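Structure record follows, encoded as structure tokens.
A, B, C and D label the chains in the order they appear, each numbered from 1.
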Amino acid sequence: MGMVGGGRDAFIGPVHRIAAQMDNKIELVAGAFSSTPEKSRLSGRDLLLLENRVYDNYCQMFQREKALPEGERIDFVSIVTPNNSHYPIAKEALSSGFHVVCDKPMTMNLEEAIALNKEVNSSGLIFCLTHNYTGYPMVKEARQIVMTEGIGMIRKAIVEYPQGWLADELETKGNKQAAWRSDPVFAGASSCMGDIGTHCANLVEYITNLSITEICGDLTTFVPGRKLDDDGSVLLRFDNGAKGILWASQVAIGMENGLNIRIYGEKGTLEWAQEEPNTLWVRWSDKPVEMRRTATDFVGTAASSNARLPAGHPEGYIEAFANIYRAFAEDLSEVIDGKNDRSTLKDYPGSKDGLRGMSFLDAVVRSRSSDDKWISLNSAY
Amino acid sequence: MGMVGGGRDAFIGPVHRIAAQMDNKIELVAGAFSSTPEKSRLSGRDLLLLENRVYDNYCQMFQREKALPEGERIDFVSIVTPNNSHYPIAKEALSSGFHVVCDKPMTMNLEEAIALNKEVNSSGLIFCLTHNYTGYPMVKEARQIVMTEGIGMIRKAIVEYPQGWLADELETKGNKQAAWRSDPVFAGASSCMGDIGTHCANLVEYITNLSITEICGDLTTFVPGRKLDDDGSVLLRFDNGAKGILWASQVAIGMENGLNIRIYGEKGTLEWAQEEPNTLWVRWSDKPVEMRRTATDFVGTAASSNARLPAGHPEGYIEAFANIYRAFAEDLSEVIDGKNDRSTLKDYPGSKDGLRGMSFLDAVVRSRSSDDKWISLNSAY
Amino acid sequence: MGMVGGGRDAFIGPVHRIAAQMDNKIELVAGAFSSTPEKSRLSGRDLLLLENRVYDNYCQMFQREKALPEGERIDFVSIVTPNNSHYPIAKEALSSGFHVVCDKPMTMNLEEAIALNKEVNSSGLIFCLTHNYTGYPMVKEARQIVMTEGIGMIRKAIVEYPQGWLADELETKGNKQAAWRSDPVFAGASSCMGDIGTHCANLVEYITNLSITEICGDLTTFVPGRKLDDDGSVLLRFDNGAKGILWASQVAIGMENGLNIRIYGEKGTLEWAQEEPNTLWVRWSDKPVEMRRTATDFVGTAASSNARLPAGHPEGYIEAFANIYRAFAEDLSEVIDGKNDRSTLKDYPGSKDGLRGMSFLDAVVRSRSSDDKWISLNSAY
Amino acid sequence: MGMVGGGRDAFIGPVHRIAAQMDNKIELVAGAFSSTPEKSRLSGRDLLLLENRVYDNYCQMFQREKALPEGERIDFVSIVTPNNSHYPIAKEALSSGFHVVCDKPMTMNLEEAIALNKEVNSSGLIFCLTHNYTGYPMVKEARQIVMTEGIGMIRKAIVEYPQGWLADELETKGNKQAAWRSDPVFAGASSCMGDIGTHCANLVEYITNLSITEICGDLTTFVPGRKLDDDGSVLLRFDNGAKGILWASQVAIGMENGLNIRIYGEKGTLEWAQEEPNTLWVRWSDKPVEMRRTATDFVGTAASSNARLPAGHPEGYIEAFANIYRAFAEDLSEVIDGKNDRSTLKDYPGSKDGLRGMSFLDAVVRSRSSDDKWISLNSAY
């Protein structure tokens, strides 16, 4: 694995590194960790990498790695930079013949997403988008219950992602994370919806196996001076007639990383919250409420195979993240060995999910300035 | 107290009776408990009332009670019938000189609400609408925190009321509660929003001390054959610029009576859920999350004066309901004694709240068939 | 009903009054509310009683009431005084021909308990001891699950009752409740164990249907200057070989009224906590954890018949208390009408339970000063 | 790092490997993974180790590694075998000049523990015992609150560790973990108390900074045919006069890994549960209950420095385990570099803690067959 971004002070870069390497299937051997070559070198040193595998920039990395003998060079690139550079880096990585893991949202806008999805499809390479919350065992369990029709046809879905860290104008106080995420140049047309609203959209489509077709959104910028939205409410309509509500916020004081989802079907209800990830509540019309738990005997195969420890040993955010990397690594190994032509990939998000996310985001941003109640997502994506 | 409605098989009638009499300030002495005189008599007998105080219908009750000597006749009427008769009964009670306690929603439609509010105002009598959830001690605490600016200017409010009891077509299976609540003749233009959505709207306006000015609603009827909505999502805008989401549902399987509210201000967050009513969560920007509890030393006067027991002795739905009646009874006593000209009433919902509720409901119903994104509430009410 | 004790400033007296009268089956008509006649009169006035039914002391009340014509006089006495007077008052009430409801613990010591139990048995009258926690619907459910062998043979039981209100020397600061409860003259040989430890012992025997046979106790007085225990840990052994732990404390800061119990059987586990009384957790060896809830379709007859409201409308402490009174009142009515010879009484605690409690307390107090590990309860009681 | 034990089918071995390597400070390079050389080789291959660093047994490993040039050989040994071999392996490792990380309980019995502690002290090497639960950020926070006297003098401590996995005779059904843990040859004189009771004792002493001086224990074997205890209740007395209760069980059906602790001081209360490890409840006598959370701004330095992610990104069991390894690795690096003479070590459990644990266990086992109420721990350890 070679990494782009993720130098000192980064948040998500270190998470990718620990997650990727947790299962002894992936090793970080190269990186272009910063747009400043000197910072990249220092970060490489922190990570005990060989000096000649730490690069000034991603172009240099792709060129030089490509020139290394097979077996020595990196197999894939992990992209953990701000949103605006995802597309050019991913495009370059693919055209250099490297598989890609990319942080979300996939691109800056819908056009880039359409293009990147096409490039992935024509590349013969694997692309993994780290919508990491789908890696939690009990999210897998929720999806499996839905897919086996355990809760019947879905009527309603409510997904929320409240955070409170941007309740003040943190971006003006030297916080780098806050600065780029609220800057349209780096983040795109949305901050809150782009950063965490897309996680909501991905999660609800993943668990329900439905597609959002129309939305009615109300984005808001609560903190004076902020350039992008820091809160948004969105009504959802799904392709089976189900309705939904999506709420994402960065100004919900005291909320940490409160992603949660509730799915109401004709026969039952599912409830999951990211901050207590090892519990899935299942409410039935004909028996008492159930508390299903990671790694117990009472969960399905998808949940079981994504847990590492006996029940009651809490598995957290990094482990869920690592589940994404592990599935990707298993596919990668098969693809490299010629045992998999990419026709059947394991269960992790790819460029199509990234495209769905940007399509959702595009509609929400359009809704902000529209008087029309319902805005359709482009049905092609 | 004389009661209209609340005969055998009723749900809310018995609650009113226990709540009204809990504090030894009110006694049930008369009633017209059913539209069928025979049923009324049987219900009166169950309640050990004197036979001559059990009436065939409300008109008879008002006439005959009025004719009794002062001190012997009822002081007020409690109306616990289906929605469609609230207005005529209340109107008649007022014109007969009786104070009124009325179950919610106040009337069948906005026109009736406007009329009734006027009649209350010109009557010199007190009118109490049992939006009972505002009687909980920790709801009082939440409002007091807001009023003392504890959480700063409010930015966002989310209020939900999921129930699951109508997930199937219960109204066709002999359930009387389900039958009238889903029948436009008795319930009005909405079932779910009218029955429980109005509680949400009342609760959020009560705690935040804000007014909803615009809404964007998406009502749905999920159960085939049902005549009225059984689910609704509503985006809210408030008069201070705050945004909100309101969700009410009768088809959320496994949910009992899940009213809950979350208020996000510039300095803090409040969270309360009706099924664990003695806890209020307060999240701050500058200190750890607090769990405030009924009857502890750490709540304000409004909460304290609405608790009956030491901390840790759970106070429930009936006690909260009784708080509404107790405050009403104290006012009533003063008004009867000429010590209160109705200019300063205690803290319980009145006809103005009922008018607000019907104004909200009217806008939500209009939104159902409109392509306009935002529907304004009539600013006069 | 005539009440002894429960005047102004009392805690438990008002609870008894509301609970007794909640279901329209009992009416408070007489009382000797204080050992000071003047205070008794003032309390009677607060309660709107007829002046001639408010007495100077309990002896006067029993004599004069007895002299009233049948149908006018009280049927039973409710005793809500400090522990030391329970026995003489109950004895006198019984010998005056009145049925009795008595607050717990039943008496000051084991000898009195033995005597009172005998007197009850020979009196032909009904005696109800308000171990009120057994009135909660989900406590009933727990017992019913055990009785139907749902969780198999019981192996372990853990019952706790932490409170924090006496963490300081409140008894020296004018708090009347604290003063008598920590004074051996009024409370007996134990404060914490007598007041709340007996609730624990009663609850665990009630739910498990087992008898405690041996105990090993460690009572402590943490607050300097206090005369009685304010904390106690007790190991338990039951008659079927099960083991247990009982903990009661008045110095557990921040704890309100934290009675809770966990029962572990060969096939399942039950968990209940008084502060969230409408939930019973059931853990199984062969399926996911269940959350059972008051008034849902998924609880047994005992729980159902002890709930007053639809699911999700929280029923609290007073409602549970009222369940005890209601069952007593139904028996009383039958006994008075000659339809019940006391051979089959409804499910509420009686003098045998009081005797068990005092037998437990006696053993725990003996254990305090003993070097023997295990102290047997007298097997006769 | 070289590992002894932890081959295929092991539970704790893989946990040690992931935890040790999480922070890029430790690398597994050698191992003797099984008492069967063939199995050891296969395990080594799974782990992608060089064949010549996978050994037939630990003696061979120590000898050959010792013979390697400095810088190439392992620095320390991680011992993850059943209890009975901890002592001989650790002794041999120390005498071969290797630092040691050892799983708990430290040894088979008190004698071995006394000996090993001495050997560690005279070795000039570092010894780390993986009482991993002390690695959780909120356990660190709890200890820091106690150490800064936030909750005043401690009066009572309750620590529990219920599990349910041995509620049936799993050891006869081919489960290797169950087999050795319930076999006195491998586990020592106790199963439940040795395996998880020692975690309780360690946790309570760690957080309170107190020492258990006397115990009164009641060990039980509930499952017929089982050779060792599967449940135990223990009353505790601490050196400052505080009292306690410790409960550990392997037959508590439906319980997963329910370690939890509550500490009651003169000014406040702490509550922590392992299955929701990122929350610490703090109850105060003079303000509302606080919920403190990992990685928020409102926790102390010890908690902060043991978290890897922003608040709301759950950190679990492996991360806590890794905190132990990370602190050990930092010390190791300093000791190897001659910058630390072992006089000031970081905060992780060592041989003294192991000795305390065995001293506790020894007393509990003695208590099982004694009629004396209180059994003293040997004050020397």
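One rule holds for everything that comes next: a contact is a pair of C-beta atoms (placed from the backbone, for glycine too) under 8 Å apart; a residue touches a chain by one contact, two chains touch by 3 or more.
Since the model is a prediction, treat every value here as computed from it, not as a measurement.
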item	value
Chain pair with more C-beta contacts, A-D versus A-C	A-D
Most distant chain from chain B, judged by the mean position of its C-alpha atoms	D
Between chain B and chain A, distance of the C-alpha-averaged centres to the nearest whole Å	43
Interchain centroid distance [CA atoms averaged], chain A/chain C, Å	56
Cα-centroid distance, chain A relative to chain D, in whole angstrom	35
Residues of chain C touching at least two other chains	255, 289, 293, 296
Chain B partner contacts - residues on chain C that touch it in the complex	11, 14-15, 18, 21-22, 24, 47-48, 163, 165, 255-258, 274-278, 293, 296, 308-319
Residue numbers on chain C that touch chain D, as the complex places them	151, 155-156, 158, 162, 164, 167-168, 216, 218, 220, 222, 231, 233, 235, 237, 243-245, 247, 249, 251-255, 264-269, 283-285, 289, 370-374
Complex contact set, residues of chain D against chain B	282, 287-293, 296, 298
